[in-house]
Amino acid sequence: MARIGVFVCHCGTNIAGVVDVTRVAKYAETLPGVRISVDYKYMCSDPGQNTIIDAVKKYNLDRIVVAACSPRMHEGTFRKTIERAGLNPYLMEMANIREHVSWVHSDDKELATQKAMKVMEMAVAKVRRSEALSKMFASIEKRALVIGGGIAGIQAALDIAGAGYKVVLVEKEPSIGGRMAQLDKTFPTLDCSACILTPKMVAVSQDPNITLMTYAEVVEVCGYVGQFDVKIKQKAKSVNSKCIGCGVCVTKCPNRKSLSEFNEKLAPRKAIYTPFPQAVPNVPVIDRETCTFFKTGKCKICEKVCPTGAIEYTQQDEIIKEKFGAVVVATGFNIYDHSNYGEYGYGEIKDVISSLQFERLINSSGPTDGHVVRPSDHKEVKNVVFIQCVGSRDESKHRPYCSRVCCMYTAKQAMLLKDHYPETQSYVFYIDIRSAGKNYEEFVQKAQNDYGVVYLRGRVSKIYERGDKLIVKGADTLSGAQVEVEADMVVLANGLEPKANAKELAQLFHMSYDQYGFYNELHPKLAPVETAISGVFVAGCCISPKDIPDTVAQASATAAKVCALFSKEKLEVEPLIANVNQLTCSGCETCYNVCPYSAIEMEDKEVRRGDMRHVAKVLESVCKGCGACVGSCYCKAVDLKGFSDRQVMNQIETATTELSTND
Amino acid sequence: MLKVAYFPGCSLSSTAKEYDVATRLVCEDLEIDLVEIPEWTCCGATTAHITSELTAAALPAKSLIWAEKHNMPITSPCSACFSRLKMAHLNMEKDPNLKKEVEEVTGETYNGKAEVLHLTRVMLEKYGLENIKAKIKKQLKGLKIACYYGCLMTRPAEVCENDRVENPMIMDNLVSALGAEPIKWYYKTECCGAAFSLTKTEIVRKLSGDILKEAKTCGADLVMVACPLCHSNLDARQPEISKLLKTDLNMPILYFTQVMGLALGYDYMDLMMNKHFIDPKPLLKSKGIL
Amino acid sequence: MKYELQLKNIKEGFRKDVERLSQQKISNCYQCGKCSAGCPVAYAMEYPPTMAMRMIQLGMHDRLMSANTSWFCVSCETCTTRCPREIDIAKVMDTLKIMAQAGKYKLSDNEIPIFDWIFLKSIELTGKIYEIGMIGAYNMLSLNPFKDVFPMGVKMILKGKISFIPHLIYNPIEMIKNIRMFKRIKKKDRERIYEKNA
Amino acid sequence: MSNEKKKDINVVGFLCNWCSYAGADMTGLGRNIYPSNIKIIRIPCTGRMDPMMIIEAFHNGADGVLVSGCHPGDCHYSEGNFYWRRRYPHLKSLMEHFGIDKRRFHASWVSASEGKKFAEVVKKVVADVKDWQENG
């Protein structure tokens, strides 16, 4: 007979406020095999854990049930606890009476208590069938993959490389730098974005530990922590390594049909191009969609003018296979496309521009050399209206979240405009000013007090053209008045959203993401850069909108996590894997076919003396424990440790019977 | 032949008789069979939905049920009637409880299958812009038309369906097809004051005045409407508005079927343009259309 | 202007009435002001729509219902179309008018209720609108008998735009049905507004 | 209403560890209330769902069964939920053949962030089972 100890946690009032924990503990005592049951205020605290250890020794317990929060929260904690008490860590089960009971059934305390009793009883039933499992170890490939070459990816790569590990940095665009490279100045210090970013970009290109792959994308991922097999598609640049970055090809290219992505479509770009002059690497690529040669077979001017013979039209896309021990995903953001706002002109009014377009306009290396002029007629501006919360805090556009940075960058842009053109007047329509951050509130106050920016509290209802002016119909809710401003230009504070293909990338890694495509952290507070997939870390705006300091902090945090992982010789992995009872295996190969990891091998083996059979075998180091083989085995020869048939059947049986004491 | 259940609405049998006449003429030309719903009752207009939600749904429901029974799309040339029919249909779809109550008071069942279309959509989508082009006898060259949609045929967004809420294009496309020039302006969907015509006339004067002023500033020769309510506010009240603004606006307001009628070769009296307060005759003569 | 908040009108009473009859979640409003910004008649309102929404949130029925706000709403639905919180504000305004006309809250306008009464009576009795009768009755009841007679009214009659004969539903059975329907609606409306059934 | 107290309905929920179980945790974090009739069993993946487990649950007297996993394409183990997606309709028609009303057996996709959705799913399942119990 098992000797089980049940420990019921109050979790302060989180559980005890709804569930009668003493009744749960009392009920546990009546269950067969339970020797002791205790309730305690905080089971995960030191004294709480010691209670468990003491009880194991005193009552000679061999199996433990902890009725507390979700196993996703504290399973690891309590496994370690009972290991300290000298038990096998897999002889512990958690009953989730917080997330699945007290927090969701607070409407009826009696029913909640009854359910808690039942949930605890199910855990007892399961743990009865638990088996001791031995730890497993896997090797670690000590190379990291960083996806995304914005400030987050750059920082993570530099930090990991600085610790002495090899890094591959993959960037989709022809150059690293990301969104930060597009910005003019940064809030609240107003230091020049490029001046603080470009040294880091150069450092990446010069670091011997970093391999930079631009114009490349991750296309396939297999494996798991310590052993990710990743396929990276290197798109054909049509320019080979002989390029010295002289730029003659770009100057001479006659094809100006495309619009520059880097300049937010405010200026044309050539078919052979580097996104911006400080690009790293400083190697141009040919955009085959627009290049005259690739479309008509004629031109080849770039080849003729290249002094080093670096143009290579025959280059092909290449798939490169690499092995990594850990991955940092830092794919960043897009800004919300304001053509969804009919009231702001469906994106068809030329002088209604996005915030990033404004950054390019006011940037001295931008398409207008820093002159803020109207895209429609290149006239200078006098009255500029800034509208906040475009694609943020807007349920009707399915973007109910706050994008966090718009209040600040709007204040910044209004100040920069005044600095450049003292005779201009800016108006900012806002709903609430969110300026939580070091020196942020002071910054916004400065915009209002020192720069004379007029802040109006209200959303704009409509923008339309009258002559060459834009009429902005807004409101100021504080005075209760309707406000109409005649503007030369309107700058929208577009919200932040994940990259268009964020979901596809998440699916490659099996990461979870929210309804917008932002990646989910493992825990929003205590594991903010980890994901549910061990070995995959996230940083920056791909998790949620955030500013540069927070992004950099997160990037360094991922680097610390990667380095901590790489500092181990061997990686401990969960032994919750499948195993085959070869005596009952019929050799049908179903499991072999369904296994997503090719962790099943068929072998011809003498399972009994003189009984030579074709049977399945689990490769322990490859199996991830998904149980697809278990669910599909016709003769019940495969089972899954930790979720065995006997354990689950026990749970089902308990779940479907009434509480035994309530007569 | 396209058969459509026709809900003319109260205005079309009195103040906007010319709209009804023009509509029937044009539809006959386009071989659209308008089957007038026998014994239709008033849609209730704005009054119904500000007095009782149930009245607002029950009045149009009778016509919807008739159209559903006879398996025809239902249309109204009046934007207000169209809006009420459509909203009654949508509200009953959204709120089964309301539908139940409507069925109780009318004593008939509605299966929610009626297809409610504004007359512009019947012509442009069901009949087809290309087919209309084929029938044109006279290009309306040189006529600058401000298409005024008003509130009720575009809002809320569910009503608008295939068109854009903020800058609808359906009438502009029609105007281009007829050879005239739709002007670019942004007061297409501003409100004319609608139902306040009798009760809060000063508001109507202000709102309609803004619209007329904007049309004039943007260089329109005439304003084209698809609603008798908009028409009476913009046309019949225009003398008062002119007086108020101290300018002579002299902006003819035509129904879109009248403009179509011109292109199809009908003349001034066929389309009963003499009924308008602002006579379009001088304008049309100067453009060589009459 | 000090205002004594009345919790009963926030948790139940006025706010609940509006929420129930309009089926809109009033608490959703975060006061962005977009409705007021686009409202064509806000200039004439005592409280713009944004403020009206706030007053409903705080249960200030005495203030809101004695203001002209809801009566000046022209039902153009601009606010509803653009509301970022997807509140049907026009319907909320309708609800305020419905409640006032049903006598549940203060009625602060007389032009529109009179017009509405005549308008609906016309439909009830004839199935359609009898314009000249309606205008005449309205002018009489609103104590402004010669409103719009000169020059517009006269011109209208001269142009044959207004007919003196009411357009009736010709079928008397339909007419009786129509009158009965109105009776049933009135009963149900009262039940709904005063929560008699619930 | 009969005098005899009706047995409260009992639903067994099999939730995949990576999506729906985490989603159910999220339901708790968001304090979304749902009926307490469901008893949750954690499984690694819906691909692990052995049809025997569902039969066993009904056999033992469960009034309803819910199996919930990751959205198709989002499986933590690449393709486990595809196996379940193919298994489910067959199993459902088999169950009906056995005399298990279709209102008693449900499957859903709930991701780790869809706490509210999980509460809705449970409400729907419990309502369906109740409907079966009361109206037959």
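By written order: A, B, C and D. Residues from 1 in each chain.
To be clear about the criterion, contacts are C-beta pairs under 8 Å (C-beta built on N, C-alpha and C of every residue); 3 or more make two chains touch, one makes a residue touch a chain.
Given the structure is predicted, the values throughout are model-derived calculations rather than measurements.
Q: Pick the pair with more C-beta contacts: A-B or A-C?
A: A-C
Q: Indicate the whole-number Å distance between the mean C-alpha point of chain A and the mean C-alpha point of chain C.
A: The computed centroid separation for chain A versus chain C comes out at 50 Å.
Q: Determine the centre-to-centre distance between chain B and chain C, using the mean Cα coordinates as centres, and give it in whole Å.
A: Centre separation, chain B to chain C: 23 Å.
Q: Specify, in ascending order, the residues of chain B that touch 2 or more different other chains.
A: Counting only residues that touch two or more other chains, chain B contributes 165.
Q: Counting only residues that touch at least 2 other chains, which ones in chain C make the list?
A: Expected reply: 78.
Q: Following the definition at the start, I'd like every touching pair of chains, please.
A: Chains touch in the following pairs: A-B, A-C, A-D, B-C.
Q: Quick one: in the complex, what on chain A touches chain D?
A: 70-73, 96, 98-101, 103-108, 111-112, 114-115, 118-119, 122, 506-507, 510, 512-515, 520, 532-533, 576, 594, 596-597, 624-628, 630-632, 640, 643, 645, 648-649, 651-653, 655-657
Q: Which residues of chain C touch chain B once you look at their complex with the stated criterion?
A: 21, 23, 40-41, 44, 72, 74-78, 80-81, 88, 90, 93-94, 97-98, 101, 111-112, 115-116, 119-120, 122-123, 127-129, 131, 135, 138, 147-148, 151-152, 155-156, 159-163, 167, 169-171, 174, 177-178, 181-182, 184-185, 188-189, 192
Q: Which residues of chain B touch chain C in their complex?
A: 10, 13-17, 39-42, 44-55, 58-59, 95, 101, 104-107, 151, 155-157, 165, 189-191, 193-196, 198-201, 203, 207, 236-237, 239-240, 274-275, 277
Q: Considering only the defined contacts, which chain A positions touch chain B in the complex?
A: 342-343, 345-346, 462, 464-466, 471
Q: Where on chain B does chain A make contact in their complex?
A: 164-167, 186, 214, 217
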